[in-house]
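Across the two complexes that follow, chain A remains constant while its partner is chain B and subsequently chain C.
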Partner chain A sequence: MRTFFILLNRELKAYFQSIVAYIVIAAVALLHGIIFLRSVKELKTETSSLHLNHVMLLNIPFWLIFILIVPLITMRLFSEEQKLGTLEPLLTAPVQTWQMVFAKYFAALIFYAILYLPCMFYMIYFERVVDASAVGGVSALRSPSFYGGYGMILLIGMFFVAIGCFSSAMTSNQIIAAVISFTILLIYFLLGYVRLLASDLPPITIEFLEYISPIEHVRDAASGLVDTRPMVYYTSFTALTLALTHYVLDYRKWKV
Partner chain B sequence: MIKVENLSKRYSGHTALDSVSFEVGRGEIVGFLGPNGAGKTTTLRILTNYLPPSSGRAEIDGLDVFKDSLAVRQRIGYMPENVPLYNDMRIKEYLRFRGALKGMKGRDLRAAVGDAMERCALHEVRRKMIGTLSKGFRQRVGLADALINKPPLLILDEPTNGLDPNQIREVRSLIKELGEDHTILISTHILPEVEMTCGRVIIINQGKIQAIGEPRNLAGQIRSAGTVRVELKGDPKVIEAKLSGLPAVRKVSLEQSREDWHLFVLKVEANKDVRERVDQLARKEQWPLRELSRKGVSLEDVFAELTLHHHD
Partner chain C sequence: MADSDSKAPASIKRWRIGLNVVVQVVLLMVIVGVVNMLSCQKNKQWDYTPSKRYSLGQATEQILKNLSDDLFLTVAFSRSSDTYHYTKRMLELYQGASGGRLKVRWVDPIRDPSIVAELRDQDPQLAFDQNKILISKSESLQVEGENGLEVAPYQVVSAQDMFLRAENLMFRDGRTKRGNVTEYRLERALTSGIVAATQERERVAYIITGHGEMRTVQGKSAGGTLMLEGGVRQNLQVRPLPMTDNTVIPKDAGVVMMVAPNQDFSGAELKAIFQDYWEKRKGGLVLLLDPLSHPFLPNLRNYLQTYYGVRWEDDRVLTMKNQGGRNLKNFQVPGWFQAGSPVTESLVGRSCTFPMISSTLNTRVEGAADDPIAPAAVDKKVLIAANYAVDGYWKEKDHEGDPTPVADLRETQDIHLAVSVEKGAGINQSLRLNSSRMVIVGNGNLVDPDLYTRESIEFVLNSINWASDRDDMVTGIDTQQTGNYRLDIGDRPYGKLEWMALRILPVIVFLIGLVVAFFRRR
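Up next is the complex of A and B:
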């Protein structure tokens, strides 16, 4: 466990000692701010029974940032080590592969979570300055939509970051790693639009694809529905993806 | 300290290591010598648990490299080829990180980092980013990392690769110094390095061990291809022909000609000394002679003999 924390510390430093981290955080905060404003305007012109938070989380630009930012955060993790050859000193020290995989994964996940703090803050701040009835009558800090929505964003983020780790472990080229994970995430995201994009598929397939699509899970969670199925689904797929990452990194050991 | 038995490593298509066995005793400095691609790095990677062997076994300090992998790694200070390092860390920070990974903490860690920087003369640059360091300093950081937790065994893969002559001398003397309280296995393709630092040499070529022994003894074993240098004045073609006619001379080659003087190198059969004959010949032909010497066999000759003989 101690080794894990030493590695985690090093990975977090690698993120936060670089100016790029702050630029990314600032840029994402700015974009989220714009999306937030748009959502407020939307509610101003149309009558809707949805919570402001709900409107924001189901915005397409919000999702575009989501699937673009994860590859950016994770592309470096293993590719860089493979390119520099630093896996060799790391794994010939008394360090086990899983400790390294978890350390990198959690560092990326923490960074990812930090990126979403400003947008939660916007919601809370907005309430302070306007009448609570304008945001659906319920204060964000007491609204199931708020916790459910961001809880689901974190849950989906766990899975997405794991996909990023896996792509990064596949190649020593950061750009290729980013492209691989972006492609996977984009396809996965588009599952939510399968009804629009491929309406000629048999209805059962469409239903299944929608059932596993992340946007559907967020919609449920943001309307305050607590469902254990997506929780089990995302945690188990995260575990599976990390296990695959471990396998890819140790591949040199298996091809005897 | 190290015990390797019938170690083989096959990649699809070719065999990198073919049933290699050797032992290294405690306190020895052993040179692992071979041309590029001979299987040196593969062997070292197997010993450090980075790669598994296809067959055979390896033991370090009585522990099986694969069954007790963590305990084994605790006992090895390994410096990989080309010294991969994190460019975004400062030297001291990196060494603290590595020391902590190897299980040190608190005061011990601080002392060990100070000690390692002292030994490798890194104190003045300890705040520098690793990415800005010259090759020589990177090499020293790699060495400092390898010896930080005072492991009983140091495995260094080409520690002087890419250094300038002064730096090579520094690293060599550091290795000698370390040899006083560590067992060291260094791989290299630079011969003087081995002759100067190692008590024993393992020569490997194309995945097979060609010879093991002290540098001096190895030279003795291969007296077979002794060479004689002779510098004479006269017509080089005639001289070459006559020298070739001498018994026990295998090959004559003209090394250099300066004015009328010609320097020939003769390859001579095993344990034969042809210098007397050459002298008699020169007198008979009335060729002025200004050098006649037999070259002691160096490790370089052994190396060439063992690793090149298919081409000769």
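Up next is the complex of A and C:
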């Protein structure tokens, strides 16, 4: 475990000792700020059955940022090591492959979680300034739907970051890694909308598409409905994707 | 030679490792697949929505648990409908609570009209299209009957029954936006539909006629109101019952109603209604009494007071409003639903505006002393009472003469507008079977087709269900109001939000980055 924490520390330093990380956080905070203000304006002009936090989390631009940001965070994880030739020494060092995978994965996940803190802050700040609830009725900090919504964003992020790790492990080119993960995530996200567009889909396909649709999961969680299905789904598929990443990296050991 | 020897085992080794990895990956995928399948079948949900929108009431759970046969729900919802998601979640709960008895089939009538067309072929009368749920006992609407194929009973629950919407919005540029859902009634409508579809017989409510009961106005009547509101939802049939001295209450009567009679009943009629039907046959009575008819119904009044201890007072309830220095009387008073009875359980805390005029019912008078039929105790409960502290009620007693001075009108106690009477139940709640049940209301207009409200009709239907021993339909099936949000935010607070979101926070993060970079370089 000690090795894991040493590696995690190294990865976190790699993120937070670079000004690029802060530029990314500031840019994402700005973009989320724009979406937040857009949601406020929407509720200013039209009555909605959704509260502010719900409106923001179901906003399409919010999801576009979501899909764009994960490849940016994860593209360098393994690709950079491969390109610089530092991966081989790491793999031959007394470090287990899983320790390396988990360290890089959790570092990326922590960075990802930090990106969404401004969103939560906007809601709390909104309640202070406007003296109205951002989550319908109670204060955001005391509302299960507030934590449910962002908890689901974290769960989805767990899976998405794992996909990013996997893509990064596949190639030594960061751009290609980012393109692979962006493509996978975009297709995955759009699958949730296929059921709305395609006709004559068998019921089991519709069930499946609804089961994997992240926007539906957030819709439920942000309204206050906690369901074990998305939890099991994201946790299990995150584990599977990380296992695949592990195998891809281990492949180097036995291919020679 | 030596090279080829060393290469062969390496390739075999690689092949073995590769196969091992493939097997491991396939196994992992199978495990993940199985875990997800199990999680779908045995999922758990916690509903933290403010209105408990994704929870089923006890009554619904009980009804679903008691389903003895499979029930088929054909759900015609478009997947792009704003109520699709909620309907789907609720139907999952219904399926779970039914223990697999409920079979749900989703159809999209726009994208796949073939199933709807097939159902219409089976029954051309079927009114089934977008945003409706068809409840039937078999997948096909046609079943083998005595005379060959015949249409099996079914129920159709429409979106109007399940969702109450705000009015559509019209914008200046000509755009229209469909009104938001303001109230979720799906559970009430669907559970009622399920009860109706599974019931062997319809329940019949008889409305006594021939005593000057509420007239029919422009084709609309009290019976029509009950049919409209209770017919589809609760499988209730409403029939007139012309009352004479020789009338015997029909055997299929689930409940007998008096709706604002203004001509008195003879002794024989009262005996047929109260003794033969209500007490001996453990019937159900719902009496809606119009204060204007009070002087004309001495026999009925005396009967209620003597045998059941309920005195229908000769008064009128009112509130006073001061307008322009003058005290104006308002007879359309709000009555507050009281706790402690199944009739009002789903309505407690809400009020119901009583249309026209109302009189009070006194339950504290001595009664039942010389009851010749059933000496068992009569249990009386107040169902609706006036809240003097909130609304400042008055009772007007001298309404025949000049208006009574305001100071003399004030009454603070015993303003009871509706009561329930139960006889033969005993004290033990668990033995409350086959008791005689009656609801008396001091207002005759609660089901008036032009005056009834959502609360008043809910109360009357609950009363009918309770009086006819249908407690399962009375409680627990509540509707959920949904919050409709609109922000009333001025330019100054919006400006503050704008500053924080677009300037302060991103700049702070950027400055932190600069500081970190600066110290790192040093």
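We take it that the second predicted complex is superposed on the first by the 240 of 256 C-alpha atoms of A that agree within 3 Å, B and C clash if a C-alpha of one lies under 4 Å from a C-alpha of the other, contacts with A are read in each partner's own complex, and residues count from 1 in each chain.
Please note the rule applied: a contact is a pair of C-beta atoms (placed from the backbone, for glycine too) under 8 Å apart; a residue touches a chain by one contact, two chains touch by 3 or more.
Please read all numbers here as calculations on a predicted model, not as lab measurements.
Using the contact criterion defined above for the overlaid structures, shared-chain residue A:A14 touches chain B, although it does not reach chain C. Contacts of A:E216 after superposition: chain C is touched, whereas chain B is not reached. Applying the stated contact rule after C-alpha superposition, one finds that A:T3 touches chain B and leaves chain C untouched.
Taking chain A as the reference, the larger set of touched residues comes from C, when chain B and chain C are compared. Contacts of A:S236 after superposition on the shared chain: chain C is touched, whereas chain B is not. In the superposition on chain A, A:Q96 makes contact with chain B only, while chain C stays out of contact range. Within the superposed three-chain model, A:E88 lies in touch with chain B and out of touch with chain C [touch as defined at top].
Shared contact residues on chain A (touching chain B in one structure, chain C in the other): 17-18, 255. Residues 16-19, 21-23, 25-27, 29-30, 32-34, 36-37, 40, 43-44, 46-52, 118, 121-122, 125-126, 129-130, 132, 136-138, 144-145, 148, 195-196, 199-200, 203, 206, 210-211, 216, 219-220, 223-229, 232-233, 236-237, 239-240, 243-244, 247, 250-251, 254-255 of chain A are the ones touching chain C in the complex. Remark: chain B residues 11-12, 45, 48-54, 70, 73-74, 76, 78, 80, 82, 84-88, 97-98, 100-103, 145 touch chain A in the complex.
Residues 3, 6-7, 10, 14, 17-18, 84-86, 88-96, 252-253, 255-256 of chain A touch chain B in their complex.
Those residues of chain C that touch chain A in the complex are listed here as 13-14, 17-18, 21, 24-25, 28-29, 32, 35-36, 39-40, 43-50, 53-54, 79-80, 85, 88-89, 105-106, 108, 111-112, 166, 169, 177, 180-182, 482-489, 493-494, 496-498, 500-502, 505-507, 509-510, 512-514, 516-517, 520.
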